[in-house]
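Each chain gets a letter, A, B, C, D and E, in the order it is written, and its residues are counted from 1.
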Amino acid sequence: MGEAVLTARDVSIEYEVDPPVKAVRNATITLHRGEILGLAGESGCGKTTLAYGLNRLLKAPALMTGGEVVFHDASGRDIDVVALDGEALRTFRWDKVSMVFQGSMNSLNPVMNVRKQLHDVFTTHRPAMKRAEREARSAELLNLVGVDPSRLSSFPHELSGGMRQRVMIAMALALDPQVMIMDEPTTALDVVVQRGIIREIMRLRERLGFAVIFITHDLPLLIEISDRIAIMLDGAIVEEGDAEKIYRSPEHPYTRRLLSSFPSLRGERGDFIRTGAAAGGAA
Amino acid sequence: MDDSQPTLDHDASDPGYETGDDALFQAPVSAEAVREATREATATAAIAAARSSRGGRFRHILPSRSGKLIAGVVIVGLITLFGIFGPMIAQPPRDSDNPALLPPSPEHWLGTTKLGYDVFSQLAWGTQGSLFIGIVAGIVALVLAVVFGVFAGYFGGVLDELLTLFTNIVLVIPGLPVVMVIAAYVQNAEGLGPLARSSLLVALILGITGWAGSAVVLRAQARSLRTREYVAAARVAGEKPGRIIFVEILPNLVPLLAAQFIFGVIFAVLGEAGLSYLGLGPTGSITLGTMLNDAQTGQAVGTGAWWWFVPPGAIIAALGAGLSLINFAIDEVVNPKLRLAPENAKRQRRAAKAGKGVADTGAFA
Amino acid sequence: MSAHVRGTAVDTTALEARNLVKDFRLRSGLKVRTLHAVKDVSFTLEPGRTIALVGESGSGKSTIARMMAKLETPSSGEVLLDGVPSSNRGAGLARYRRDVQMVFQDPFGSLNPFHPIRHHIERPLRIHNPRLSGREIRERADELLERVRLSPASTFGDRRPHELSGGQRQRVAIARALAPGARFIVADEPVSMLDVSIRLGVLNLLAELQRQEHLGVLYITHDLATARHFSDEILVMYRGEIVERGPSEQVILDPQHEYTKTLLEAAADPDRLGRLRDEVRNGS
Amino acid sequence: SPSAGGDDDSSVLRVWAGSATPINNNFNPFAVDTAVHATFGAIYEPLFFFNQLSSEPPVGLIGDTYEYSEDGKTLTVTIKPDQKWSDGEDLTAEDVAFTFGYGSNKTEQFVSAEATDDTTVVLTYTEPQFTSAPLTLGTTYIIPEHIWADIDDYIGETNPEPVGSGPYVLSSFSDAAYTVEANDNFRDGAPAVKEVQYVGLDSNQSSQDLLTTGKIDWVGQFIANPDAVTGKGDITTLNLQQDPTTITTCANADLGCTGAQTDPAVRQAINVAIDRATIQEKAFAGLAGESSPTFMLLPRDEQWLSDPSLTTSPQEANVAEAGKILEAAGYAKDSDGFYGKDGTAIEIDLFSPDGWTDYNDAAKLISEQAAEAGIRINARTVSDAEYWTPIQNGDFQMALFGLTQSLVADPYSNYHEFFAGTSTVKVGESPLVGQNYSRYTNPAVDEAVLAAGATQDVATKQAAYATIQTEIARDLPYIPVVLNASQSFFNTKKFTGWPTEDDLYAAPLPYLAVANAVVLTNLTPTK
Amino acid sequence: MSFYLRRVAFYLVTFWAAISLNFLLPRLLPGDPAAIMLGKLRRASGGRPLSEETIQAITSILGAGKDMSLWDQYLAYWGRLLQGDLGVSSTRYPAQVADLIAGALPWTIILVGVATVISFALGIIVGAWVGWRRGTWLDHLVPITTVFQSIPYFWLALVLVAVFSVQLGIFPIVGGYDVFEFPGGPELSWAFIGSAIYHAILPAITIVLSSVGGWLLGMRNMMVSTMSEDYVVTAEAKGLTPRRVRTKYASRNAAIPSLAGFGIALGFVVAGSIVMEQVFSYPGIGKLMIQAVQGLDYALMQGVFLVITLTVLAANFFMDLIYGFIDPRVRHNG
């Protein structure tokens, strides 16, 4: 296992509503260079909130009440993400850590074509790039995610859901970030398409070597693809470990319950009790 | 006139209608739309829940208590009370025994007009008259908007096409000239009897010409409600279409209906004033518009009789402003973002200043 | 119990889809294109049995569900109830609705946020039992709520949908489907929008009721794993057609059609831990 | 012509004669309703100017003298010599003769118009014309034969380049204003005011504002508080009261009128029930005059007044008197305090045109005052267009309506126009001759009108008028309300020579045909 | 492209409906314009009997069609329209309606059009700013501007005239230009244009004051909603500059619904000027309309109404074209 690229220690995030919601409590995770870290947990346990916290995207009423997030740059410099400000924060984003959002389907501006939205990233972060270079790089990125570069002139509504997702991934790759946070990038998609995209992500990671935080509540999927998995319950990380270990010998009872609520495709039924003795009571 | 309502046929934004080239294209979109709908619904629910966990059925669609709402309700309430009770306490509005053009005094709080009418009394009656016109026109417009908007949106198909076409035509054909022509027509048409040039008639005309904008809004909403699963569920349960519209759909449109009704009232009160200014207003009764018209033709401005000219205009402005304020609050129910976003932005700024690991204030400064 | 009595009488009672076809006319501007959403689908649902309908998005599953629930009229083909073609209007339709009910996908969207839970249960009771007194209806509604484990029924009945969790809402939806005394239930992805941790709870409840009431259930899902465990028979749909059908175990463990294989391939399977990673590593 | 541009501000006289914008580009003297004001008097002239404010004989314009034959069927007019049209052509008796035989000037009684020499014209008619002198001589605008001989459609013509004989010629026209400049060919020499600009405005308020700020010099309009305008001293006002405003009733049930007002008793009751002093004070801002039930302009027509008690109508309300009249006629009060007969209360509709504030106000007051006397009158307003038709057709009960005063110091035309049975028709038709909209017919009156019209003998006329006055003051087909005020405002700092109370040589009303031109020729710029 | 085809079809139907309405409405009016005209003439000529010729001339123009069926009248009406013949005005007899309109239209379009555009631009810009800075004191601007919208327009205008024109003498009182300065009517000179602009300022201010609130509110609300859209958050996460996020992502999208409303507003330029022109004696279309209605001038009323409807349709169509460019989604789906 490689060195750490992102470490979060004791991160606590609260939604200042009435009553306050402690969405993340003392979460500590370490992301190693080049690995896929799966973050699982049921809906509302704070996965998205934590991801936003890592990328400094929290919006009121969210408030980071404690903890630190440090990004270990490939150059060897450590960046205190929590302390970033103004320009520094702006240039840090997307360049070091990029993100594919949960509502990825709506992450593209409906009235701008794909080209403009890709170029936006370059003109902001790589002002030295020439137009032709930008164009070439955009085409390259689309190729990378398996979308025909001619789609650069398309508007989002002219793309299918899967394509939009891929375009977002391409955009997230634009600046060769060291970390990519993917918040349920495929949940809204069809299983077959979903599989295709995940395959794509895995392939790219092999090639480009970025680290991924992959968030989903689909535990079977995570187990299948991740190197390590963190299980979140009510804002806290209750278990963290190798995918193998989580699957074979879960320690935390919650992990076990989560696992059992997925009936296995080819094996046992888990908690599923259609037939047999458990029919209890009513009959 | 309500300018800000989009009129283009927004089929485009209707996710269920987006047609791709293959089946793969289609499904994710609608799936996402469903998610989106849920998200929104959850947001509303969360807010409602936060407000009061138990309460009447209308609780969750009532606007939250905000400064704007309170100000609006107080203004409109006072004016309404004035319109209801003012005429009872004031002297007869058409009593010309008073001296003409007296400035405000203890006897005549707002002075007298050229004919010696007591302005305060006229104002009370005029407020009543204008409120009457506003409310009647508002109701007429609302009923038409529901028929043309909700029915079109709910039933869809050919009926929708026809009703929508008609709505769009009415929307595009300019209202005031039509109102003028119709008002000119009906003012002396025989057979109307006492209706001719009455405020009821003016209210009807304004209502009949003022519904199209609302219908467009309601149709869009009804279209989206129609695809809600609880409507399908009601059909599966065996409910009749009429009941579905009135019991399942309309209650959820209440905030929107209220907003449209308020628009209708403002539109009618202002419309009546405009018509009266052009000499096409009601002649039998006293309204704020006819008062203004009297003041205008009686050269109140020229003679410096501000007490005659200013109060009716001020009442209309206050009424309009109060109703708009209420509408703001309703808007915030229909679209909770409108209330939450500014509050959050405020917090965001504070938090960012305190340097607490939140997003930069860039997008909020 | 009556369920068992009915259960023994079997055989002539069934809900049958015969050669169902549904075409949608898509209009983009002046061009009109026909989308064949469902092409000639037939199956028979018997009481006490569960049929799962699986397939990718847009393959026509929901369209079939809606046709079975009479929310959509087939372009051709017919739905037969107990061997008789079902009516699309009037008393015939009302009778059909009493027998065939539906559970929807979206637990929030299928309950009207304006009305209390009680309304959702009492309306079908009232529609299908016009003679009952208000008290009787109330009692029956409470009984139904208790059946779906929403007790105490009185407090749940007065709540409104947003005060319930997703799983509770879906149970309300099930109770509503049972209210008219349905014999067949069409469940269109009843748990796909629920939290993983509560999905099984809802499915278990449905399964239990199905057994007790001797219901015929058409279970529509994306999820092959639950389809396998929940149903007796699986129909695999691809682009409007049923490409494979058979007993559940057989279809999952020994798929014949290419598409079924692809589908199984795409489904997440923790047993294949790390396999995708290795595949990618070796493959590209 | 001097000073063509608008740069020399001080010498240009700016007038609002009541035109709304856009001003119609129409200088056709036959388009009585639609041609612009300068057409009548300033550009085209009649033969004589009849000053309705005085009892003096008419003043010659183009004409010099006129004389009726014994039987009144022939009228011989001599015109002033050596006159020219504004295009330099000679104006001769031929032109005059042509005019009388042209277009709508040819009335049914007209036989011929002949120029017997350069300055004499003989007009021949089938009936005596004693009473129509003001019409024939005072409002027939003489047109140049050399131009109009080629014009067939005298109604459709807009005559954008008018050639007339008046003191001014058109110099420029736009739909917001038009300007006339002094006519160098004018028979008395070019007038002192070299340029007159007529502007179009759309409201009294605008004109008042412009007057206050010194932008215009002459208007004739109603201003409730004239002090606001005259305060600075530049503007002077003159208030003339001539035309009677009446409650015109559809009085004659025999001709088809319906409603309680057909009963003379009801009209008499209303006549005493209304408080004319209050109406004149409030509705007419104290500017109107007291009108006489004889419908004469007093003191101008003093010599024709048969009974001094008819000098004015009662000014104060007399509720008791009204009640007495009604009760005598068999009416009784109902529980609401309103009079009625046979169980139905009197309810009369009274209308006035939109925007005529003084009329509308008067109607409101009348309604209120009548109510106090137990007579229910409902006041309402109708649009301008809706106002005239019912009055003409008799399709009304009561209307506030202004009668026009006779142009000369003789009430004949009033009696003939408004009271004679020959001047009315049954309800549903509009009278072709005269304006007897009340449908009043009274053989005694008819006979007297006929007698007065066929003679020039003062005593005979007086006798006839006495009969008429008694009859109409009793029957009241038109219930007089006030003598309408005509206010005019003019800038006495910039121009002198305006009419004054003591020297009313012409009414200083810019919209009044001919009189306005007479005033213009009398003015001189102060600088 | 089918988007445009659909729109064109819609406009054709609306155009037909408007013209037919235009035909029917005046004919439903009571009263007889020819009789009114004759009455006016007779009154003005002091009761002089009118010759048969005169009566003929007038009835043939204004009473025509009395003996025709409504359908024949309708066909004739279309025939006249297609030849561009709007008839002769009866209140301004014998002026051509087309000429009257041609004289008035430019004034209205320029003044009200410019004022509408200013109002829209101001509302959008300020609204975008207020929405961007939501949660600050700027939020209070919204209710304040709506108060202006609730004041009866003519009342506001009359007060402003009384104060600024009469009392203070800053602005002119009436008209579209200084008629005293330019007695010959409009001319092409800087002095004239200056005068016209000077005369337009106060009317324009009143129009802007009374309409800017709606735009501002609409834009602000859309801005607030748009700001929480996923793509805006994404744009921010992309590290774009706030300025870029504001202009290219938030404002641009938020302005789209307002633009649709702008089409209608632009269309109502001509119709909406009626009251304004009455107050300021402005030489435009609106005043013709009032005169026509009050004088029951069939031809003029028809003509003005037709022109008003046409401008509405034209403006909407124009906005549709632009809209297609601004919102690509529209082009794609009918």
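Everything that follows uses one rule, which is that a residue touches a chain if its C-beta (ideal position, glycine included) is under 8 Å from a C-beta of that chain, and two chains touch if they have at least 3 such contacts.
Quick caveat, the model's predicted, so the values are computed rather than measured.
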| item | value |
| --- | --- |
| Chains touching both subunit A and subunit B | C, E |
| Highest C-beta pair count, chain pair | B-E |
| Reference subunit C; chain at largest CA-centroid distance | D |
| Separation of mean Cα positions, subunit E and subunit D [Å, integer] | 39 |
| Euclidean distance of C-alpha centroids - subunit B vs subunit E, Å | 23 |
| Inter-centroid spacing, subunit E versus subunit A (mean Cα positions, whole Å) | 53 |
| Distance between chain centroids, defined by C-alpha means - subunit A, subunit D (Å) | 91 |
| Two or more partner chains touched - positions in subunit C | 28, 56-58 |
| Numbers and ranges of subunit D residues touching at least 2 other chains | 205, 209, 354, 383, 386 |
| Contacts with two or more other chains, residues of subunit B listed in rising order | 18-19, 24, 27-28, 31, 184, 188, 279-280, 296, 301, 343-346, 348, 359, 362 |
| Subunit D - residues contacting subunit E, complex | 6, 9, 12, 14, 20-22, 24-26, 31-34, 103-104, 106-108, 135, 139, 153, 155-158, 172-179, 197, 199-203, 205-206, 209-210, 212-213, 215, 354, 383-386, 388-389, 392, 404, 417, 423, 430, 432-435 |
| Sites on subunit E touched by subunit D in the complex | 30-32, 35-37, 39-41, 43-51, 53-54, 57-58, 91-95, 100, 103-104, 158, 161, 165-166, 169, 173-177, 179-186, 278, 281, 283, 287-288, 291, 293-296 |
| Complex interface listing, subunit B residues touching subunit C | 19, 23-24, 26-28, 31, 34, 37-38, 41-42, 44-46, 48-49, 53, 57, 60-61, 228-230, 232-239, 247-248, 251-252 |
| In the complex, subunit A residues that touch subunit E | 55, 57, 59, 90-95, 98-99, 101, 103-104, 106-113, 120-121, 124-125, 155, 157-158, 168, 171 |
| Subunit C - residues contacting subunit A, complex | 56-58, 147, 195-197, 199-200, 203-204, 207-208, 211-212, 222, 224-226, 228-230, 252-253, 262-277, 279-281, 284 |
